[in-house]
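Same chain, two partners: chain A is paired with chain B first, then with chain C.
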Partner chain A sequence: MTAAVSLATYPDDTLPQTLILALEGQLDYTNAEQLRERAVHLLADDHRSLILDLSELTFCDSTGIRILLALRTLITARGGSISVAGLGPRLLKIFQVTGLVQFFAVQPTRADAVALLRAAPSADQSPSAG
Partner chain B sequence: MMSGIGHVPSSTGPENGDVTEETIFTALLEDSAEDLYENAPCGYLSTLLDGQIAKVNTTLLRWLGYTRDDLVGRRRFADLLTVGGKLYHETHFAPLLRMQGEIGGVALELRAADGSQLPVLVTSTVKNSADGRPLLIRTTIFDARDRRTYERELLRARQEADLERERLQSLVATLQRTLLPPTLLTVPGLETAAYYHTASSDQLGGDFYDLFPLGDGRWGVFLGDVAGKGPDAAAVTSLTRYTLRAAAAYDPDPVAVLGNLNAVLRQEYSSDDPRYCTVIYGLLVPDGDGFTATLASGGHPAALLLRADGTADYQFTPGGLLVGILPDARFTATTVRITGGDTLLLYTDGLTEALTDVAAGARYGDEALLAFAADLAPTTASGAIRAVTDLLAAFGEGVEDDTAALALGVPASLIQEPT
Partner chain C sequence: MFVSTDWREHWPITADLALLREQLHQHAADAGLTGERIDDLVISVNEAAINVLEHGGGSGSVSAWNDGTHLVVEVADTAGLLTPQDLRHQRPSPGATRGFGLWVMSQLCDEVAVDQESGRSRLQLRMRLPAH
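For the complex of A and B:
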């Protein structure tokens, strides 16, 4: 009965300070806290950017949104940035209704999000981030 | 070097000293056969086929506090049982023993001479003669006090766990009720109806709604969803509810009300543990044959207007942010008139996010809800809530989240019948 969500990392050699995570499944109150812990665990001290690939995330309830916002707070607190990629129509709708689109850099695909970070060297690779 | 029981000694057998010890052991064993019967760690009982006690060991006599003369030739096995045990013996034990020739591990209670009860486990076999005729019944009786105590403890633990769960559920239900109005107040010229569904009976839901007077015939109405579940989310729900009412009394303008709620949530919860909610807030002002409703939304799904003419539309309030997310969040309002036969439906996303096909993961969605509303219109507040209730019931297991719905309708009878 409970939903399942899985987490995969896609390290990119050209972006050592970027944590790239792909969420798959359904993110809801039964698994959101677990997901947050796992994501926080994966977030290293020198990570300055977080890319969340949500293309395989089929559902996200209000608790899930809290977790996405918590991750955003974590990365922005260290001067970093967060982008979400691959929002399906339903997730995009949730992001629009709640106004979350203003808080995340929304990219069509993970590749787009990666390309954008590569093009903006200040967001990554810089040895001394603000 | 091997030394095993049952190992036949070879010609290079053990020394003499060992032989002596072995003899003593054998003697002890042979000598104790009778003693073993009498003082075995279990009770032995032999009865005739009618149950008449023929032989009983000392252990059982000691347990029961009888002398041999009290029992042998005077009592039947069943006489030693409690009333319930007698009945069970008569209806199950004895017939099965006759049929099968043996019966084992039956839990019974014996009654001791002093009236106390001894829980035991009873095993009986029928001894037959050489030509197969049953002669007597041999019974062994094990003291089951430990086992019975263990079982009782298990049962008690389970009952306590059940009770705890019931207590928790009742507490959750009580708390849940404090987060919702017991009944909706009667608004003159408006029919109201509400529905609330909690997805879990032992977790507080995060959905809430209320309808309350603001003076001058104006009314405030809100419905929302606090992100998260459980006690922490419930505390936010409670704070949100009271803040919305207090803010509305201070300044009933919907945008101002949501702005105040946003400020309170930001103040109350630190950035370490921020709390958010989505809420739709409405100010209802009577205007002759209906109401003007000014709606503002903080990240909440748009209200549905089911019109008297049979059409239905979402009432969007674009740009409204999730409440509690930004220090200076902006909210926008939209105004809608509801007159005779119009119904305004507020709901939480438990409705649109309900699974219509659990296996395929298909969800209901905004388009389906709009079609459903258009189908339903024109309706009444109670008609809309009844339809939503039926819809959710049809989803069954697919309704994973809490769901609240509130309908406000201006009765059609207040205006002239359409021709």
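For the complex of A and C:
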């Protein structure tokens, strides 16, 4: 039984430039690179924000966090932002101990992350929304 | 209640880290660790196993036993490059590519020690067991 991590997208019509991904399972050394490739594949050129819902992720090691950090680098390089939502105590601990928590906007839930983005007068409410 | 202290469990380090975590979790629970303390140990041993796969020759083993006061988990590699000097006293900088695992272990386990001899490095992680 090797670790499995699955990825689901939650498109939101009101946030066309936001990619919302939910991770489920266990993210570790054995599957982190594969997950990065799948996430990068889902990231379209016009995406400016990335929301990662980690509420169903039961395990994440330092390799996993570094992959999330790589996704952050990608999105910030294009002037975008990243937030992570739904960190359980186990995940929060590894984020905090590694000190890498400082690089992510942490929201209690995916809904909170979405609401915050909707409220923000950012590039995401693109001309097409008007 | 005092459990036998001689009984040792051994697991090989393979690419199936999920299986290792599951076996260790069960062993730690049987030894008397609970909740967050089990998580801390499992996270730490997982990091140690990653280091063996990445820098420690690619293969190794994990042994666990109860020494009467602590659950001891020893992670042995076949490269022998890990030395006591590698133990972390400071958090690696965010841009660092190495060192996070050892830092995490130092923060989550009660004791961490490295013993290097004859081409092998052995990392020992110790978790104090609750008093009976």
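Here is the rule we go by: the second predicted complex is superposed on the first by the 124 of 130 C-alpha atoms of A that agree within 3 Å, B and C clash if a C-alpha of one lies under 4 Å from a C-alpha of the other, contacts with A are read in each partner's own complex, and residues count from 1 in each chain.
As a working rule, a residue touches a chain if its C-beta (ideal position, glycine included) is under 8 Å from a C-beta of that chain, and two chains touch if they have at least 3 such contacts.
Keep in mind the model is a prediction, meaning the values are calculated, not measured.
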Contacts of A:A113 with chain B and chain C, given as first, second, both or neither:
neither
With the two structures laid over each other on chain A, which partner does A:T58 touch: chain B (first), chain C (second), both, or neither?
first
Looking at the overlay, does A:A22 come into contact with chain B only (first), chain C only (second), both, or neither?
neither
For A:T73, is the partner it touches chain B (first), chain C (second), both, or none of the two (neither)?
first
Using the superposition described at the top, list the residues of chain A that contact chain B and also contact chain C.
1, 3, 26, 28-29, 59, 61-63, 66, 69, 90, 93-94, 97-100, 102-103
Can you name the residues of chain A that touch chain B in the complex?
1, 3, 26, 28-29, 58-59, 61-63, 65-66, 69-70, 73, 90, 93-94, 97-100, 102-103
Residue positions on chain B within touch of chain A in the complex are 206, 225-229, 271, 274, 276, 278, 299-302, 319-322, 325, 329, 349, 353, 361, 363, 365-366, 397, 400-401
Counting only contacts in the complex, chain A reaches chain C at residues 1-4, 26, 28-30, 59, 61-63, 66, 69, 89-90, 93-94, 97-100, 102-103
In the complex formed with chain A, which residues of chain C make contact?
15-19, 21-22, 36, 39-40, 43, 46-47, 50, 53-54, 91, 94, 100-101, 103-104, 107-108
